[in-house]
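You will see two complexes here that share chain A, one where it goes with chain B and one where it goes with chain C.
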Partner chain A sequence: MSIATTAQAPAKSGRGTLYRGNEGMWSWVGHRITGVVIFFFLLVHVLDTALVRVSPEAYDAVIGTYQNPVMAVGEVGLVAAIVFHAFNGLRIILVDFWKGGTKYHKQMLWAVLILWVVTIAAFSIRHLSLAFGGH
Partner chain B sequence: MSVTTEPIIAAPRTGRIDPKYLRSKGSSGSFEMLTWLFMRLSGVLLVVLIFVHLFSNLMVGDGINGIDFGFVAGKWADPFWQFWDLALLWLAMLHGTNGVRTIINDYAERDGVRFWLKMILYVATVVIIVLGTLVIFTFEPCLVDGAGNLLEASPAFCETR
Partner chain C sequence: MSTVTEAAEPASKVDLGTQGGGSGEIQSFDVTLKVRRYLPETSEESYWDEWTVTMYGTDRVLDALHKVKWEIDGTLSFRRSCAHGICGSDAMRINGRNRLACKTLLKDLDLSKPILVEPIKGLPVEKDLIVDMDPFFQSYREIMPFLINKGPEPTKERLQSQEDRARYDDTTKCILCAACTSSCPVFWTDGQYFGPAAIVNAHRFIFDSRDDAGDLRLEVLNDKEGVWRCRTTFNCSEACPRGIQVTKAIAEVKQAVLNRTF
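Then we have the complex of A and B:
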């Protein structure tokens, strides 16, 4: 019992303890937030693409709003969310199915973040130079 | 001793779960296991499908500046890209819907709120999947005006038809 009391301080009266988490929790939070963001973009993206069935003018007008420097920054943010969700999702699969997964889950998160930064750097250079470089 | 004020917490899975903490009666165990497996299988496929989708649409050629009606028409003239986008639509919508379903189950505590949020989600999912599928397979790239002339926005390959 004495070990239990030293390992976790008793909560102050009227307040609970707040678990602030480590790599495991924050990657879970990031996965949820990016997942929701991607899902709502997906709904919009199917609707904007569906405009090809309305008329070429309607499609070109709406898709044209994506083609400016301000939206290009937002598109980099969207792709950053997608790429994080993709790489972290592969990490989750490895945690679940690879026998070393739970032992190396923290190292795999750092690998995810490094690959994510490299991928987004490459994407940003290409995409922003196209968007800011004009037509 | 001060330790006597600390409640003794039973180890997980010790004894039965109090029925008041169970949200649904009966066993939905195998369904939840199948959705868990689906998230992983579709996830692997979606990484490939989406990365190629983003690369072929945004990284090559004129990138985002090249996307217009003619670009979409050119892509969907090839059944390969029709089925690529169809797989993308279905897998991404089902994967995303199950993810949002999980989040609703986690955070919406009242039964009625949880039920209606999921109903809205499922209706939206069916509408988007049906709409997207119809768009891919009923799309007509070479549109003509009343006089039978090709519209200006038509892709170049329409001229040779």
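Then we have the complex of A and C:
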């Protein structure tokens, strides 16, 4: 056995590491984050839609403020969150209820991500060309 | 000893490899071990401690910890009993993932960086890598991990077909090391959750044809803190040192609860 060297300078600082989970954990994190994002959107959405009960003019004024480039990009983000949450939600249902779900959960996650990219690409082209390219 | 030439030994049935045995031929390398330490007698704060030790290609993380404890710093504390992957004492977080220190070979890790060793998450740390396992075993007790059979006791063993035995074979492998339960993000934030290990051990009896208390266990697990807390992150299946398909077992218990309810 050889002599060991000691680095006796305890680094007092530094926190513990992040748990290095795999696909399953990160899809769950993504599902949580998109879920919270969608919740806050729905909160605002219920409020602005309820404005139509106050007066149609107030509703139009609020909806009018959304018609700008920043919101257009934000809407792409919102749709991205919703589409991921929707496809991954179907994957979670399959994991729970389909017999082979736990065996193929990784393949299903890749399918979710491919579907997600395709959907968002198509939506972005349509949405951003409408928002920025004039009508 | 006779001087007569002995008959040549028959060829070995075991492939010894071309390198041969001798410990001198096993490659050695320097390993930097970074351990998350907590010494409640001296400080409330935990911190990283670091040692560089020379180890061999056949050594495991546990051997490196032993070397530090036996030769450098005797205050380093960790649990281990059998040191051969059976007792389940030395589950710890190695490079961010739950592993048994006695089953993790150093040569399989990235040795260009320090090896990070931390206690398992979600259970109170008592000292260094030692955590309080009581909450873990409390959940285990609650699912009644023993055979319950209401019939008269047979004079011979309770027979079971091979198919019936195979039904729960995977979950008999559990060694209660807590690697699965302490890899679960739900368990980290909700210590009331039964956790994968308790559900795995419930599965072992729920699907045992000789056991009569499956309904009782399903009732225990059909709880807010039971199987429905599982969010299928698959961390437990990845962490299990025995290769148990933990998430699959939990899914089967979920199905069993549903089939019983309706």
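Heads up, the rule we're going with is that the second predicted complex is superposed on the first by the 116 of 135 C-alpha atoms of A that agree within 3 Å, B and C clash if a C-alpha of one lies under 4 Å from a C-alpha of the other, contacts with A are read in each partner's own complex, and residues count from 1 in each chain.
The rule is simple: a residue touches a chain if its C-beta (ideal position, glycine included) is under 8 Å from a C-beta of that chain, and two chains touch if they have at least 3 such contacts.
Here the structure is a predicted model, which means the values were calculated and not measured.
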item: First (chain B), second (chain C), both or neither touched by A:82; value: first
item: Which of chain B and chain C A:60 touches, first, second, both or neither; value: first
item: If touched residues of chain A are counted for chain B and for chain C, the larger one; value: B
item: Touched partner set for A:96, first chain B, second chain C, both or neither; value: both
item: Which of chain B and chain C A:72 touches, first, second, both or neither; value: first
item: First, second, both or neither for A:20, with chain B first and chain C second; value: second
item: Touching partner for A:48 - first (chain B), second (chain C), both, neither; value: neither
item: On chain A, positions contacted by chain B and by chain C; value: 1-2, 4-5, 10, 92, 96-97
item: Touch list for chain A against partner chain B, complex; value: 1-2, 4-5, 10, 32, 35-36, 38-39, 42-43, 46-47, 49-50, 52-53, 55-57, 59-60, 63, 66-67, 72, 75, 79, 82, 86, 89-90, 92-93, 96-97, 123, 126-127, 130-131, 135
item: Complex contact set, residues of chain C against chain A; value: 28, 32, 36-37, 45-54, 67-68, 71-73, 93, 95-97, 116, 118, 121, 183, 185, 231-235, 237-238, 245, 247-248, 251, 254-255
item: For the chain A and chain C complex, residues of the former touching the latter; value: 1-7, 9-14, 16-25, 27-28, 92, 95-97, 101-103, 105
item: Complex contact set, residues of chain B against chain A; value: 2-3, 5-6, 40, 43-44, 46-47, 50-51, 54, 58-59, 62-65, 67-70, 72-73, 89, 92-93, 96-97, 99-100, 103, 124, 128, 131-132, 134-135, 138-139, 143, 151-154
